[in-house]
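Letters A, B and C mark the chains as written, and numbering starts fresh at 1 in each.
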């Protein structure tokens, strides 16, 4: 489906810049001061002579060399400790060690310098194979999820994961292979193979996707990029016999082969409750040139700005927008279109229930925009401050947006005008709960405004959960 | 749908007259449609023409998946979607159009029985020849069936369909039959139809019924569709009254309207 | 014809010569056709059974499909080697042996016969599969129970379930619905078709004795084979049975054929009816129950013992033994110390 709703819970990439180490000048200053080793070394220059990693089994040492090389550049004890800490974080980030402990000791042995230090990392590797088992109960469906993971498959932080979900109605699976470049964990390559099924009651549509994808992630300056090719066999069908004819017409099989590119700049201090920083993500997808039945160009962006105000309150502004251009005169598929509305986008409206519809089934649109203005404050009287209470925020919001189809040929002026007509907007207040660092729950009181006929509204209390939110 | 709701819907259906924009959907005529689907679609078209109900025929590559029962053809009338001849006959009857009102109980029983004979033997034989005869499947059925799709998907869908039909054939006991036995069944069926028709213009004398539409749809399609060999058509050609029956319906209901 | 052909069929019950529709059809056709060939003027039944016992066919009723040469029932073994398992093949074989049940039919009657057989296969058969194998209460209370009780020991645990899965798959393929499950919607559609089919058959039969006048044909065998199980079985969900009973001519038609051609089964049933019920009440039922009770007790006992062994009852016993053995020594030492 469209970009506005995220389909999978992809693990969010760790933020590279927080851990990135600025390249120090490699100026070796061997100052041979004859001082007793018992002397306090705090502000004195030191030389890191040896860095050892103990407890390695199948991990290749060349991989770790890149991660810990910075420690050699430290020139005083504080620096050594800082850099050792950074190195420890970098090692843990590889996801191949259960524990990493750092020992700093004075050098011993024949070649030991008086101010020489040895840094020892004691690591415990994760088991060769880990498994998980879950049961899930959803609406009218129960499923069993089996997961298998082979971390550090070939000794260089490669990871193979397999997930199989056996449900009462549908089965799905995913197999993925992840390979980072040694020394540059942010540059990595992923291969995926999957089958997923989704039901979209707002469109009376069910979709089964079977596909393969290859993905390349790499940072470039302050931006991070993702290049992806995806080949997917999509099977669409009506969820019920009573589905509208417009949805019925979309039923059947299609093959999509698409190249996509995502660039993002994220300077926020937290993904869920940021108090400062900004996020810009631009995504573009080109389908059809590499084969398949679907051909279109899809552009999509997301912008979020955060600013801290008085008393720990935060003002946050976001803007989303996107456009889908069909190529070659083919109409676009309902599964590629954009959808808008719901408790994490334009609040006060039903889930993806804005815009073109037919007999109560929402058909999505080819262009959309949505904007939001939020004022986040801590809970009144700050119960549970510094602990449980910090998982919650109250917020006041003003959301607006529009979604429509574009009749290509009218020119850009007409398009802009169309998007500016009949704007849906809503305001309200509510409580937000953070779930880990990836998702959040919201309970809001909403007042939808600018409602157009055919929209499904949710006037009053609305509950929602999501990983992406306006 | 509950009984009450169904009754309500059929009431609405009865209340609404047949609209001008009624549409019949089938797979793409030139490149995609297969013998069995074409026959079923022609049967429905013949039936609607006999009733004097206008319908526009539209080809869609995904017609099979659009159909609520997964079977070809289906009609879209007003807000309702009805697939296959049997339900379509019911549907038009609810709107006050019927061809079999003049029959007595025994005749109606016989008409239904002969319709099932056509479905049970002719349609199954068509499916068998399309998907279980390796030459026909490789030269005609698989390429045509998968023509709207791109490369890897076209193979998958064609073999998936073939596998499904073969499983069905095994389930109904046709799996072990040889092609010759299937042709023999077709002959037997045609023999029965020919006997029943005798020298009458239609199966129940002067007026056509849905049985005539169904028989016409299948026989005419078999006679006019080229296959890897002409054996199937030859089997029908040996019954001269069936041939003239097909010609009669074609002339009465199809030719004068197109000219 | 040195060795007679052998016909393998499911056993009968509920006053029927066999519980399976296919077997009933084949059986009935064999009897009619064999009976027709010998044109003696004795009563049809005696002649049929005489023929059966004699040269052309040897009937074997059984409740173990694995003892059939094809692994399924019905089956016809010809000259001890070739085996036919599809009813249509068996009928064609009989026809080739000049045992043709439709010998007396005109060409038009033959055509009608073919049409009505198709009608039943398309409209009645799916409902029959549903009623006996898919409808959960019927399957558990009657079908599975009957097969489980009649099959020999290890087979009765898995064969009924396997047969049920096959029937389910068959119904799914017939209906073209991969995810078909027992339910009100499906039941309604299937019953609608079946009821319509019964009505049509009833209208076609009218007040005649058989479908084509006074002598039976293969169509009569098919109708009997499809309707008799519905009529005679005691299913908890008996909507079709109720409807069939309201069609007097079809009900009479079935009982008539039973009396004419399978008097032994019918008589057995009527004679033993109270007895059979007694059987199932006291004799037949209780030993089974006892066996089950005994088995479950055995299983429970086994589980308890193994649990006890696994969770350390043994070691407790061991400690107890040591405890029993050691105190005397200690006492002895203490006594020595005291002394």
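Throughout what follows, contacts are C-beta pairs under 8 Å (C-beta built on N, C-alpha and C of every residue); 3 or more make two chains touch, one makes a residue touch a chain.
Predicted model, so just to flag it, every value in this text is computed and none were measured.
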item: Nearest-to-centre chain - CA centroid comparison; value: B
item: Far-end chain from chain C, centres as C-alpha averages; value: A
item: Computed distance of Cα centres, chain B from chain A, in Å; value: 52
item: Gap in Å, rounded to a whole number, between the CA centres of chain C and chain B; value: 36
item: Chain A and chain C, separation of their C-alpha mean positions in angstrom; value: 59
item: List of chain A residues in touch with chain B within their complex; value: 233, 236-238, 241, 245, 248-249, 251-255, 291-293, 359
item: Residues of chain B defined as touching chain A within the complex; value: 1, 60-62, 64-66, 68, 76, 79, 81, 149-153, 156-157
item: Touching residues (chain side chain B, partner chain C) in the complex; value: 69-71, 105-106, 108-110, 112-114, 116-117, 119-121, 164, 167-168, 171-173, 176, 188-189, 191-193, 195-196, 198
item: Residue ranges of chain C in contact with chain B within the complex; value: 86-88, 107-108, 110-112, 114-116, 118-119, 121-123, 169-170, 173-174, 176-177, 196, 199-201, 203-204, 206
